[in-house]
Each structure stands twice: as structure tokens, then as C-alpha cells.
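Note that chain A is present in both complexes that follow, paired respectively with chain B and with chain C.
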Partner chain A sequence: MGNEFEAQSLPEEGVPPEFRAGCHPAGRSQERIHVPYRSPCDPCPPLPFKTYVVPPNQFIVFQPPNWPQYPPEQALRCGTLWPALHSPYRPRRGREGEAT
Partner chain B sequence: MWVYEKKLQYPVRVSKCDPRMAKLLLEQYGGADGELAAALRYLNQRYSIPDKVIGLLTDIGTEEFAHLEMIATMVYKLTKDATPQQLDAAGLGPHYVAHDSALFYSNAAGVPWTAAYIQAKGDPIADLYEDIAAEEKARATYQWLIDMTDDVDLQDGLKFLREREIVHSLRFREAVEILKEEREVRKVF
Partner chain C sequence: MNAHPFHTEEYRQALEQLQVVDFVLLELNLYLDTHPWDVQAIQQFNHYTHERMKIANQFQEKYGPLQNYGHAYSGCPWSWIETPWPWQV
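Presenting the complex of A and B:
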């Protein structure tokens, strides 16, 4: 019996590089992939995978002082003063051929 | 599908004739943070949540129906022998004219249950946070219900239900941790 927390094996082909760890300033991707159960009796062809976002707030219990900051103008555009809190969102529109 | 066991999850004893308490208990029957809302919320969200946590939502959603039965039993015991006059004195006159002594999914103020109380956002983190919040609100509701009665037997059943909310909240927070894991990461316990 495998570890229940073991990652599922995923179809590697067609998985864009943005999904792999490393695109976030803190060194981890904010997007996660899961593959919903596929039945041999499904009426439609399966999507390759689905994605969801785990924003960086999920990893911060209480923000410590003196974290690196964006320059003020960039902070105004980003919505936060701290790169570690920034969460980009890739709109699903325009991700044709990719599952959402 | 479900397998039904014709018994309660935890014995319900009500020792004090107090129809007023039936009205208050309806908050956990058909209220926003009640057991019906909880069961329907979890059993619906589970379809679009990642596979790893579907089983948890199924298990907890099922248990919420067992809790709903316990609340129903409490309300039934407190109202089945009440006269219309007694129901009226307990604030259940409006309930009586609509339902006789039948149970109905409304909250303590008589507002009928609505699906607007629950959500399925599709975003797994958002959905699980709603579930965690619902459990904590239900725990608080049980506390205030316990405060409203001096029937130690009724308090006993309510204390059991309150404790289950605490356990469920932790399980949902564990589910968030599971979904935060990166797919390549293997977690060792």
C-alpha cells in the first residue's frame, strides 16, 4: 500500500513549464495540478489535468518584520509591498489546449 | 449510496419539558451554520475538489446527517407533547400555523433554510476555508445553545456535537495542508 500523500503520476507530455516549481519568488510555483478520476465510461474525452492556486498567504502564519520590498511604484501596481506576498494569476482565457 | 443504521450516532436524552428550547435548537437544524447546511455543503463540494480530499468530504458530510438526526430527535422530543398553546407560548405559534408540530428546516427565528447559506466556489482552497469557518461557527452555536438550557442531559448531547465540530475543523485544515503540497513532493510521516 502506497503512502496516501504520494503524488499521483501525471502525464508529463503537455504539462507546461509554468506548472513546475520555481516561477514564484519564494522558489515554488503557486499553481497545483490534479487529475480528476477518469472512468472508462466517461462520455467526453478527459481533460489532461486541472489546476488551482495556492497563494503565498497559505505559507505565512504571521509576517515577520523587515521583508524585502518592491520599489514604491511597483508596489502600487502589484497590490502589495512585499514580493513574497505577490500572487500572479494566469487567466484561463487564452490557455487554449490546456486544461483549467 | 449510503447504508443506514437505525440508531443515533450518540444517544439523545432530553429530561426537561421545555418547548422554548426546541425553537432555539432549530438554529442547528435549518440555520445558516446548521447541520443541514453542513451536510449539503460538503456532499456537493466533493465533486469538484481534488481526489485526495473527496473521501474526507464524503465522510464528514455523512456524519453531518447523523448530527441532523440528533437535532431532529431533540426538537421532536421537546414538541411532540406540546399543545398549540404551549407552542405559542414558546414562540412557535408561527411554526404551528404553517407546520403543526412537524419539523421544518428553518432557523431559530423561523427563517426557512436557503441554499444561499452554502457555497461551492470550485477553488479548493476557498471551499475548504468556507468549511473550516462553518465548523467554527457551528461550534460557537452549540456553545450558545448549551448556555440556554440547564437540562444536563440535553447539554450532554450538545457537548458531543460541539466536540465533533472541533474535530471536523482540524480535518479540513489538514485537507488544506494536503492540497498545498506540491505534486512532486513526497511527504513522509
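Presenting the complex of A and C:
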């Protein structure tokens, strides 16, 4: 099981383009971190950790009605009509830890 | 075929507006599949459907058919072959 510490510990680099549309949900991030097995025969130096995303829909059994919605233009850019279901993709490039 | 208004900013904005409304309709449609009793969402869906019809008609009058096989009228000569294919836009 991946260990539970939050992704906030990741160095927060410049805001990636997809967040300029205001899509980034506030509060806890959806990324979790785990450390894979490191074999002595590994050709390359081990990475500090690898990340995986646990999207919000894993925690919602049945979507309640009348949820707050994004304005249409922003919904198109965020990929969902409801902020509660938004799961942003954070590009790997230039981030410490897991390689691309 | 540069005479046609495909190379204008309005064309792209009209397309994007259509895309925005289509995406909202897509989300609401999937939502309503599992929430058939949600009256408010149905009202919103109908509002955006009406909106989409208006936008599509305006678009088609100006730029030609969005879909063929009877989904849109045609001018003369046959307009379907005039408009750029989606991947060319």
C-alpha cells in the first residue's frame, strides 16, 4: 500500500498552464506517493518515490443532485462540470522524484 | 479555397462556443442516465439543448453543414464537400 503522506511535500514549482483556468481544486491533493522495491542489480540510481493519483470519484458512491458547477467555458477546460469531481493532471517534467 | 470564411477568428470562436455547449450537454446527459428524476438537471439540459440548436443553426447558415446525411441543409453546389474536414480545422 502506498504510504499516506500528502503530496504537498512535493516542491511546488511554477503553476502549470492547465491551472491558469482556475481548475485546481483547493485542499488536499489527489496524488499519493509510494516507494517501489529497489534491487541491488538496478542499473540506475533509485528514485526517491513514485506518485499515483486517487481521483475524487473513488470516494463518492452516488453523486448527490444539485452540486455546484463550473461555468461552461471552464468546465470544458477542466474536463468536468462539477468541481468536486475534478482531477487535475500535474505534468512530471522538472519535478523531483519519479522520472517522466 | 481561401474565399470561404474558415480562416477567420469568428469561425474558431463559433466552433469553440459549440464545443463548450456540447460538453455541458455531454456531462448532463451522462449524469441524467443515473439520475433520471433530477428535475433541475433536466431543465438545465433542455435549456442547453435549445441553446445548442440555436448555435448550430447559426453556424450552419454561415459556415456550411456540421453533419451530413440529412442533419443539415445544403446549398448549391453540394456544400458538404466544401467545408474542411474536422481534422483540418
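Simple rule for what comes next: the second predicted complex is superposed on the first by the 62 of 100 C-alpha atoms of A that agree within 3 Å, B and C clash if a C-alpha of one lies under 4 Å from a C-alpha of the other, contacts with A are read in each partner's own complex, and residues count from 1 in each chain.
The working rule: a residue touches a chain if its C-beta (ideal position, glycine included) is under 8 Å from a C-beta of that chain, and two chains touch if they have at least 3 such contacts.
All figures in this text were calculated on a predicted structure; none of them were measured in a lab.
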Check your understanding: Who does A:P88 touch here: chain B (first), chain C (second), both, or neither?
Key -> neither
**Study point:** Comparison of chain B and chain C by chain A residues contacted
**Key:** B
Check your understanding: Should A:S29 be classified as contacting the first partner (chain B), the second (chain C), both, or neither?
Key -> first
Check your understanding: Can A:V54 be said to touch chain B (first), chain C (second), both, or neither?
Key -> first
Review point. With the two structures laid over each other on chain A, which partner does A:E73 touch: chain B (first), chain C (second), both, or neither?
Key: second
Practice item. Considering only the touch criterion stated at the top, classify A:P46 as touching first (chain B), second (chain C), both, or neither. Key: neither
Practice item. Return first, second, both or neither, reflecting whether A:Y37 touches chain B, chain C, both chains, or no partner chain. Key: first
Exercise for review: Would you mind writing out the residues of chain B in touch with chain A in their complex?
Suggested key: 50-52, 123-125, 176, 178-189
Check your understanding: Any idea which chain A residues touch chain B in the complex?
Key -> 3-8, 10, 21, 28-29, 32-37, 50, 52-55, 58-59
Point to revise | chain A partner contacts - residues on chain C that touch it in the complex | key: 19-21, 23-24, 27-28, 31, 34-35, 38, 40-41
**Study point:** Residue ranges of chain A touching chain C (in the complex, touch as defined)
**Key:** 62-63, 65-66, 72-73, 75-76, 80-82
